[in-house]
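Next up: some structures, all given as structure tokens.
Both of the next two complexes hold subunit A, though its partner changes from subunit B to subunit C.
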Partner chain A sequence: MKKLLEINDLYINFKTLWGVAKVLNGVSFNIREGEIFGLVGETGCGKSVTALSILRLLPPNAEISGKILFKGDNLLEKSEEEMRKIRGKKISIIFQDPMTSLNPLFKVRDQMLDIIELHEGLDRRSAEEHAKKLLKAVGLSDPERILNSYPHELSGGMRQRIMIAMALSSNPYLLIADEPTTALDVTIQKQILELILDLRNQYNFSVLLITHDLGVVAEVCDRVGVMYAGNIVEIAPTEELFENPLHPYTQGLLSVVPDPRIKKPLKPLKGSVPSLLNPPSGCRFHPRCFYAKGICGNVKPELHEHSPGHFVACHLYGGEDQ
Partner chain B sequence: MRKEETIKILLRNKLSIVGLSIIVALIIIAILAPILAPYPDQALGEPNLKERLQPPSRLHPFGTDHLGRDILSRVIYGTRTSLIVGFSVVFLALLIGVPLGLIAGYFGGKVDLIIMRITDIFLAFPPLLLALLIATTLGRGMINAILALAISWWPWYTRLARGMAISVKERPYVEASRAMGISDWKIMIRHVLPNSLSPLIVQATMDMGSAILEAAALSFLGLGVQPPTPDWGLMVSEGKDYFLNYWWYPVFPGLAIFITVMAFNLLGDAVREVIDPRLRRRLL
Partner chain C sequence: MIRVEHLKKYFPITHGFIRKKIIWLKAVDDVSFGIKDGETFGLVGESGSGKSTTGRTLLRLYEPTGGKVYFNDIEVTALSKQELKELRPKMQIIYQDPYSSLNPRLTIFEIIAEPLREYGHENVKETVLELLEAVGLSEEHAKKYPDEISGGQCQRVAIARALALNPEFLVLDEPTSALDVSVQAQVLNLLESLQRERNLTYLFISHDLGVVRYLADRVGVMYLGKLVEVGTIEQVFDNPAHPYTRMLLSSIPVPDPKARNLKRERVIGEIPSPLHPPSGCKFHTRCPYAKEICKKEEPEMIEIEKGHFVRCHFVGELQ
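And then the complex of A and B:
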């Protein structure tokens, strides 16, 4: 499959009052056409920053270096004007909290039609037809009523469906879903994930699914990247990752997923996520790693292909230390 | 916000009904002034020297002034001047202040710095003093008084609008709109402005009273509305010399100012209660 998005060696620093936060530390991964790529990691590991950097929506105090190639073009070199034509049209994003992602003062109709008119250049009536079609496609059976509703009259699941419909209104190549189900309850979560999967199968766009929930990953992702403190530590096809996790952090993550059938104590990782203002040298995970050795504190391990399609960034699996 | 709920709250609060009724009455009086005023000609300035400084009577319920004109008629016509001045000042000040505030708050950075330092310069003057200064420079007259007051007034709305814009621009729907490729200007008009309006409406309602009061002050000082135009501030000013012997001359126009300003303040409180959801719940 062809690569749709390639992120190469992305570094992002934020200048803050307390110093420079080194939020992304050389992130590289790619997303293929029609693929659902999951990005998992704890809160604050840089998942959302990665997502926002693709759309160039980071606040002005962010310093970015590296490359973000979308269909071969480096998005970091685009003007703001060019980016506006990409946002929502070629790359769309949906956010975590559907309850606040719609303006409370306007009906859904106004908000949907705004987007459709902007990107598709349709007149009001055709835009409305298009909106209704989209709402049906995301499983909302009474589009007329939805269009006439204010956001507060709809449930969280319905609102997230509307956000998805809006995101897909211009047939984007890439849908970025930033924790799309975190704010929803479990049954609705499953419905929304299935909806994303269905729509992907139907329209064949790619998805960058950002989540901290391994259950979500297992459910829908084709491939997964695991992030820790601004680095991607492991990339593998989903099944491979769950069956054969290589990086100690990935192993740690998987060991704290409770299995209701087996009652055994969970084995949490020791320590906590490091401060990005002053991250550990070498491998950022080494202070918490069971297997850490001398080199880990000095040399940053690079991602390399351990077995076909399975990449890992860890000194345990070859590289410079052997 | 549901309409029935809004009406319910407005009616629940007795004082707000008082304020609202007075303002509605004032508007009707202003519109129907030629019909309501017993002596429309005198209201507009025609002297009637035979009946100078008559005390209140059946013919002249508020008495007459030093040129024999019926004070009731002039107070009725004065409603027009006051309401026009009040609305114009607040409207102009909003027109200048709100866009500047939204731009400062939404874009931040240098734009914000420049706009806010300019407002600081304006706010450094005592408000009436600045208005006096501008009115003196522009010359006397109602339009100039309106301009003078609006120019000294807009920075307050700029501050308020900026604060609102800063808080609204961080809301997820603004970020979502940016992520969908909507331009900054459109986001400002479509999302930031409407969601910033509530406190501005409250402030503007309350300011209507203050604007009328300050316009009256300018007239009183001779810089606002010029005779023979019927104006409450001007009437108080002219009447002050006769106060000891002919109390009705300054008192009735003064009362009119007092009642109008109070009505706008009462309405402002009520509007705030309607708009603020926390106060709403308590009232329902």
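And then the complex of A and C:
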């Protein structure tokens, strides 16, 4: 499969009052055409910043270096004008909280039609036809009523369906979904995840799914990247990652997820996530790692291919620097 | 130890100004269950199902609209304010958001010392340090303020404060929902070992069925203010009898790509507004097995095996 998006050695620093936060520390991964790539990690690991950087939506105090290649073009070199033609048209994003993503003062009709008119250059009438078709495609059976509603009149699940409909209105190549189901109840989460899967199978776009929930990853992703404190520590096809996790952090993460099917002991990692203002040297995970040795505190391990398609950044598995 | 009988909590919602109209929101509607000494009883359900209201009403943080709550044969619902205050040390609660449940202007030491002073404890300093140690914090944390420590540490402080007066019963209201999984595991293990050491009884409220499976001995499933299924963890999770329990269990993403849960059982619709609940069985609007009778008559709780109760007209007939 062809690569749609390639991120190479992405570094992002934020200048803050308390110093420079080193939020991304050399992130590299790619997303292939038509695949669902999951980015998983705990709060503050940099997964949302990675998503926002793809659309160049970071605040002005961010310093970015590296490459983000979308269909071969480096998005970091695009002008603001060119980016505006990509955002929402070629790459769309949906966020965690569908309430705050929709404007509470306008009916769904105005918000949806504005976007469709802008991106597709349609007149009001054909835009409305298109909007109704989209709403049906995301499982909202009464599009007329939805278009006439204000966001607060709709449930969280319905609002997220509308966000998905809007995101897909111009047939994007890539859908970025940043914790799309975190604010929803499990039965609604299931419906939204099934919807994303169905639409992907139908329209064959790629998805970057950002989540903290390993259950969600296991259910829908084709491949997964695990992030820790601004680094990608492991990338593998989903089944391979769950069956044969290599990085000690991935192993730790998998052993703390309570399984609803059976009670098994939880073995928590020691310590907590480090501050990115003053991150640990070498491998950022080494202060919490059970296997840490001398080199781990000094040299940052690079991501390398341990077995075909399975990448890990850990000195335990050697690599080119040894 | 805890006995809840026909507990009800209705909230009035007023409409209009001149011609006032009151609609009752039945947050908890005729809920009965018991918790044994040293046991963890889990209460699960989606948002708006009434699980948190149940926890708060049985501690009388909300005044119940009806029903009785017994704590070791003391009728909590019949106590006067003064008597209730004397009982409070025995029954404590821990909330979801550790930051907003701790006073930001007090040091950790003062937060834990407050209940001790309120109830005229001696050796406050020693007791606080003991409590800090019991929840895995150290003396150096005592001088800090809540915003200087992490979410997981805040939750440990909330636990230490709840334990200060040697309670017998704790209501844990989504105690780990705001935490990352690795921190959640630490707090769950702490709650488990504290229960063993101090012989605590827990009411554990959560929407996360994985966490409930990990901690609870018995579990009750709530839907729109009603309990629809009660039983041991094994009975409810391995052999769910109510269609809603089945829907809930088949909706959880399982951390195992070989056991993909999606597509296995169809999930229909959303939880209706508790202001206008459906007639008859409240689940009939989403139930794949619903028949005519479900719209008209509310089913009773039926014991299908020892200790396993289900509220469904067609229990036993469903495959």
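As a working rule, the second predicted complex is superposed on the first by the 315 of 322 C-alpha atoms of A that agree within 3 Å, B and C clash if a C-alpha of one lies under 4 Å from a C-alpha of the other, contacts with A are read in each partner's own complex, and residues count from 1 in each chain.
FYI, a residue touches a chain if its C-beta (ideal position, glycine included) is under 8 Å from a C-beta of that chain, and two chains touch if they have at least 3 such contacts.
For clarity, every value in this text was computed on a predicted model and none was experimentally measured.
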Fit-or-clash call for subunit B and subunit C when the two complexes are aligned on subunit A: fit
C-alpha centroid angle, subunit C to subunit B via subunit A, nearest 10°: 80
First, second, both or neither for A:S101, with subunit B first and subunit C second: first
Partner chain in contact with A:V257 - subunit B first, subunit C second, else both or neither: second
First (subunit B), second (subunit C), both or neither touched by A:L269: second
Which superposed partner A:H119 touches (first subunit B, second subunit C, both, neither): first
Contacts of A:I93 with subunit B and subunit C, given as first, second, both or neither: first
Touched partner set for A:M163, first subunit B, second subunit C, both or neither: first
First, second, both or neither for A:H304, with subunit B first and subunit C second: neither
Partner, of subunit C and subunit B, that touches more residues belonging to subunit A: C
First (subunit B), second (subunit C), both or neither touched by A:E194: second
Lowest inter-chain C-alpha distance for subunit C and subunit B in the superposed arrangement, angstrom: 5
On subunit A, the residue positions that both subunit B and subunit C contact, one per complex: none
Residues on subunit A engaged by subunit B in the complex (per definition of touch): 55, 57, 60, 84-89, 92-93, 95, 97, 100-106, 114-115, 118-119, 163, 166-167
Interfacial residue positions of subunit C with respect to subunit A in the complex: 46-47, 150, 152, 180-186, 188-189, 207-211, 213-214, 233, 237, 247-263, 267, 270-271
Subunit A-touching residues of subunit B, taken from the complex the two chains share: 109, 171-173, 175-183, 186, 190-191, 194-195
Complex contact set, residues of subunit A against subunit C: 42-43, 155, 157-158, 185-191, 193-194, 197, 212-220, 238-239, 242, 252-254, 256-263, 266-269, 272-273
